[in-house]
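Chains here go by letter, A, B and C, matching the order in which they are written, and residues are numbered from 1 within each.
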């Protein structure tokens, strides 16, 4: 027989345990963000945003170095990935939600989820075989393709659920006034679901922007800014996550500091994208 | 005040008029005159005469945020009676019922003011643990709520296991008694170890009643216990309530006026958050004092 | 927009009958486009399997599939013998341990936010938990290299090592070299990184517990914790399991933070504090430097093995989510 007191003590004890667990889980996050800021803020200077990295000796001799080529490369690769992934992802999402009876839909759903669950590094290997090998060189383009493999399934999935959330009657109304099917989808259903579509795309973008693994064997990395802008697409190019990795495992303490600074930039970039996505989630029509 | 009236209640029936006056008086603050709907006019009939209060609510108001669920309800509940709460949907009968065993504690925005007395003690008092209150005041819900992962047996003794009773002979005994009380024992005695969710809807509801009875409550609150059941199962539950009132006090919310008429000793009519009228079931259904009561029971609205 | 019943019925029929929808040229083109894009995702997923298998086939042929998977030697320099067993073992150990470490706190967070915390606090905690999933793996990696690993070495590994050295020297071979970068450090970081996935699915599962179940339990005189233990957790166990499996899938594929912290040692035995390797970490570390075609093929074969394992785990998680009908469970 348990007394009421024992049961109450147990109740309070478990509540305390839950609070404690929550703190234990959240504490590292706060510590990580704090450390990144503390360690990296010092290296975030004008040079960081205007100079290219160069060889390690440049940093050792105290000459100005920075990651301008990395930041530009990241933007090029990320937006290239978005350009590739958006139409395909939207198309697949439309197929799933607007053609619910299509025979291939169950297959598509399973395949899309499978692709989504695959480790990003395998997407890098795939892009390596499909693009880098035939091209004969590491390139920004192959990096964009690799990242698009990360974005694709997320966009397809969020598009499907965003379009599904639009009531079927809106489609019926469109068809009833004589609009063809494609017009109904493009000018009635998709605008109604626009906030959901934007949110999904941003989430996919942010997810991919933080990935380093697929880029190591595709865009590879580059210590310099290419001479011609096409070099960003056709030649090896630097990206933030991959550069951060290289800096962190390098033996130079000056590069470690730059790594922390790169971590701030990457963190801010990813967080801002997520925050924007969150903002759009809250928007109604 | 209450001790006073409780003492008076034990005196012969002739005093009852005075008591009801007394109760009305103590329930009426100065502000109440402006709210005629809440002027409670119950006059205990001979049927409930001589019985003592088991519970009583005084000026009970439940708010959800700024919305008022029920307002200013003063209502006695006598020992071993069946009290039916009737009224149209959204009139506050369920809200009132849930205030009787502090179920509103679970809803963050709900606030309860006024008093709910159980044997003279305010269950919303500072030193009162709601967990203890709920053991004394059981509850059965609209939908049958067997715990789906537990066997029939484990469902029935769930309340006992909470307090750490592990003695198998005792659990067996209580389980059998509760199932018999709930008129379910014969149907399930051979499969006590099978899942409770495998029973039919009516059996599940009787299982829920058995589970509530197993902890030996003094009062049983029933929130439309037959609304999700077929007529046959409804019949069995009604028979069950008839037998149960020998042992426990029952407050039942029902949409079905025939059910209220068949089952209850007294009836309380709620309308838009106010208690309009209470009296013996016979009186409410044959000579209601308020026009709204009459309109409702004659089917003109609700 | 009022359509009378007949029109509605006709439209419904139209929508159900593909041949009627696909008839008009514009629609035909649109449908063709959409279906092509859909099919391209199917092809992409299939091609991943075929490409990884195809590129790894040289190694798989050389050693045989099971010979490769069970092979314990990974020597790209001298013998050119490749076996994936150490990495398979490393992946399974770190992932499973990370799951075991994280599952209780993750469930606790879900319970706390769903059942205890006021709404504003629950919102904040939810957002922070999602934020954990949003922090890029390499950022956690750099923090691990320069902060966590040295700290763990000085405050945990070394004291334990010293104590073992003086009291139980027989433990030393199990503990391994306490340099900070190793299996335990990688596991701890993994545990943190997968919390959001378990928490999200557990929370969805807890939310799907009908309110009546909570109330019925309360009405029996249960305390808040007793309601959780008796009514909520048993009801939500399917969702919790699905969340755990999904987290396991994430842990298996997690690459950068692990590669940066595990110490990278290709030979068994792995020790508690000592360095190790996982399938993704070895690919990251060696792929760019692999010259021998058999080496490259072996790394691809590891990728193929990883694909198979991730596929099994993900399909199992999907099966559980569907079986217990937990909606979404989407982590940003």
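Basically, contacts are C-beta pairs under 8 Å (C-beta built on N, C-alpha and C of every residue); 3 or more make two chains touch, one makes a residue touch a chain.
Model, not experiment: these values are computed from the prediction.
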_Chain closest to the middle, measuring from C-alpha centroids that were averaged per chain_ = C
*Looking across all chain pairs, point out the one with the most C-beta pairs in contact.*
A-C
*Counting in whole Å, what is the centre-to-centre distance of chain A and chain B, each centre being its mean C-alpha position?*
56
_Gap in Å, rounded to a whole number, between the CA centres of chain C and chain B_ = 50
*Just give me the whole-number Å value for how far the CA centre of chain A lies from that of chain C.*
17
*Indicate the residues of chain C shared as contacts by at least two other chains.*
223, 226
_For chain B, give me the residues that contact two or more of the other chains._
131-132, 162-163
_Can you pull out the residues of chain A that are in contact with at least two other chains?_
7-8
*In the complex, chain B residues that touch chain C*: 101, 103, 106, 108, 131-132, 134-135, 138-139, 141-143, 145, 147-150, 158-159, 162-163, 208, 211-212, 215, 221
*For chain C, which residues are in contact with chain A within the complex?*
1, 3, 7-8, 11-12, 14-16, 18, 21, 24, 26-27, 29-31, 33-42, 44-48, 51-52, 55, 104-106, 108-109, 111-113, 116, 125, 127-132, 134-143, 145-147, 192, 195, 199, 223-226, 228, 249, 252-256, 260, 280, 283-284, 287-288, 300, 303, 306-307, 310-311, 313-315, 317-318, 328, 332
*Footprint of chain B on chain C - complex, ascending*: 118-119, 210, 212-223, 226, 230-231, 234-235, 237
*For the complex, which residues does chain A have touching chain C?*
7-8, 10-11, 14-15, 17-19, 21-22, 24-26, 28-29, 31-33, 35-36, 39, 87-88, 90-92, 94-96, 98-99, 101-102, 104-105, 107-108, 110-115, 117-123, 125-126, 129-130, 149, 152-153, 156, 161, 171-173, 175-176, 180-183, 185, 203, 206-207, 209-213, 216-217, 220, 241, 244-245, 247-249, 256, 259-260, 263, 266-267, 270-271, 274, 277-278
*Provide the residue numbers of chain B that touch chain A in the complex, in ascending order.*
129, 131-132, 162-165
